[in-house]
């Protein structure tokens, strides 16, 4: 059990955005998180990645408690994420975005950088080389020196994913990675997710595309109005009447 | 002695309140911080002086004329400058610089048109002072507090109970939704700036008779007025009034009973304290997120 | 890649050579005023480069940098007058003091967003100025101010414009070198990430608070040192020099030259400085004209002078190549 979320709740004023949700994410698997719009899925991600502190409950990752920690600490612990709205560093180049992704794994601080110590120079070369490799993972190497903002929407989503992978996480949270993609791009995404698993990175995925979710995930959790509605294998979820009702006929 | 201190504190507090009101109104309506309010105060003082002392108009007339000019200024500057900047989507830093440029222009225009010397505002009332609780208080001070309270009350009723006031509040809250309801948001925003300028000019005319009229009259008060706005909750109309009065009282009490050399530190210190510890202010006003 | 860098290096070397020869030429012509202007230019370039680190790269607005300018200036003057430390070392110590103050104030300020951050920097700068105007025991000379000595490097007095010029040029080059290395490293990338998308920066493992404080601290060192330079060039400092107008001038210099670059702040500092010198002829209308021109430029030219000039040049280059004009 890689990630264990135990009875998490979060309220914004009088609105209970997440209501006593528990979840486990297994290592080496793709876990899905689905639910109607406004069900609290992204808020849930924000709690795991440290943007919000839960009011109650605990989160354990790789044996250690991570609830209440700051986002950078959670990244250091081994969780990376992408965002529902693309959060790339638009004015930086494609390559630089990936280089930033590696930040927590590097060591060069202020003085070593300003004085250009030899180990800093070596580290910078390493960073560049590995960033190029990651771009190769999604076929973006020839766009390396373009501004990230100039990529197409689908390419930007891919860049966000490798930017997250660059920090060498054990778990990556993907927030609607297929949004705005056409069917060819979605097939490529399916294949990309398998390649990510092969690299030893587990995946927790928010998605609206039911075909993709049912086809790619090993286990699914369903949220509605901040509460956990159901969880089970794709086959079980598809037959679950509560889930079908919640989606009002579904996709 | 305490009564005197409380009176000075209230006078200063009312002025801070009027300035802070302007800041909060503009922030709610346009999402900008306006660094020129203090200098509009100075302009108001000079205009009031011109009409009342130099041209010999009755005070009431001078008051109204100054307000009209201030309204026109506020309306004009919003339309000519800040609306364009907002439409062009310039970085917020340029908008801040633009308001600062306006403050430089105002301050130095006053200097060029009038003078660098301090002008003394003649007494408004035939009676020098009134006895309150056995202590003689300058009539102008009572006038200042009374007018401020009337003004704040008037603004409250206008915003809460009049159609146009409600329209202004709606425009500030959600411009698109307000337009969908048929509200002329551009007029509402312009009027907000006009009112803010009017409040500052009024503060100048209330302060002038007490402190004298000179080109830097408003600039320090304008800067310290931010503390009043933050203390009450930046963007909150009632917070601005409460925060301003509170600031004036605290500043005057501390400088009278503790030390007067570091008087200015109090306002800036309170500003920092609130920003660092309670940025939403007394009334817990959520800041507008970028 | 390497070819481009070589062209840049040649350009820089030529500039450096020209800068070294400049005083020789002016002295031969009997003109010392331009040399003085360049002395001011160098120190403002350093100050503006510092502000650029915290705003241009890290995206944190400071409308109170005059405070660091003041701490550097007064710190250096006071350390020399009351502790007898030779002037050059006082400059370093005073700059470090400014750095410390910058770090301390940056920590709580790091939680604030734009408008409130700018207010906090203004309040901070006003507090510093009030303390200078009413110092305990009058150690800052209060309203009268102080009259610092000129820089002495191992007994050699920098008491002519030409000598100060070379000192200023040397340190400008050093400061620029450090800035270049900093912004092209992991630290610089962290700064830019925070500016571009603070949320995502945290998600990338960047300790946002730590880096914001670092940016402020570095920036304070630069502007502090520039302040010390000012003190030992002009040899008079008073609280009126370090008002909000000074902070606004730094911001103006940075914006006009272009933020987030090495050369931008240099150009901006130089242009605004020369511009202000030119306005001096108008005496009491100086501030009025400054305000009017500032306003006109902001309203008429979107993104200030720098943005307009840049997109103008881009358009011209694209037209020459006969290709399409890309969005600026």
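For reference, chains read A, B and C in written order, and residue numbers begin at 1 within each chain.
The definition used in the following text is that contacts are C-beta pairs under 8 Å (C-beta built on N, C-alpha and C of every residue); 3 or more make two chains touch, one makes a residue touch a chain.
It should be emphasised that the depicted structure is a prediction, and the values quoted were computed from it without experimental measurement.
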Longest centre-to-centre distance from chain A, chain (CA-based): B
Most central chain, judged by mean C-alpha position against the global CA mean: C
Averaged-CA centre spacing for the pair chain C and chain B, given as whole angstrom: 33
Chain A and chain C, separation of their C-alpha mean positions in angstrom: 40
Separation of chain A from chain B, taking each centre as the mean of its C-alpha atoms, in whole Å: 49
Touching residues (chain side chain C, partner chain A) in the complex: 178, 181-182, 185-190, 192-193, 196-197, 199-208, 214, 218
Interface residues, chain A side, partner chain C - complex: 49-51, 70-72, 75-76, 80-81, 83, 87-92, 96, 99-101, 103-106, 108-110, 113-116, 120, 123-124, 127, 163-164, 167
In the complex, chain C residues that touch chain B: 55, 61, 63, 108-109, 111-116, 118-120, 122-124, 126-127, 130-131, 134, 244, 248, 251-252, 255, 284-285, 287-288, 290-292, 294-295, 298-299, 302-304
In the complex with chain C, residue positions of chain B that touch it: 27, 33, 81, 84-85, 88, 90-94, 96-98, 100-105, 107-109, 111-112, 223, 226-227, 230, 234, 261-262, 264-265, 268-269, 271-272, 275-276, 279, 287, 289-290
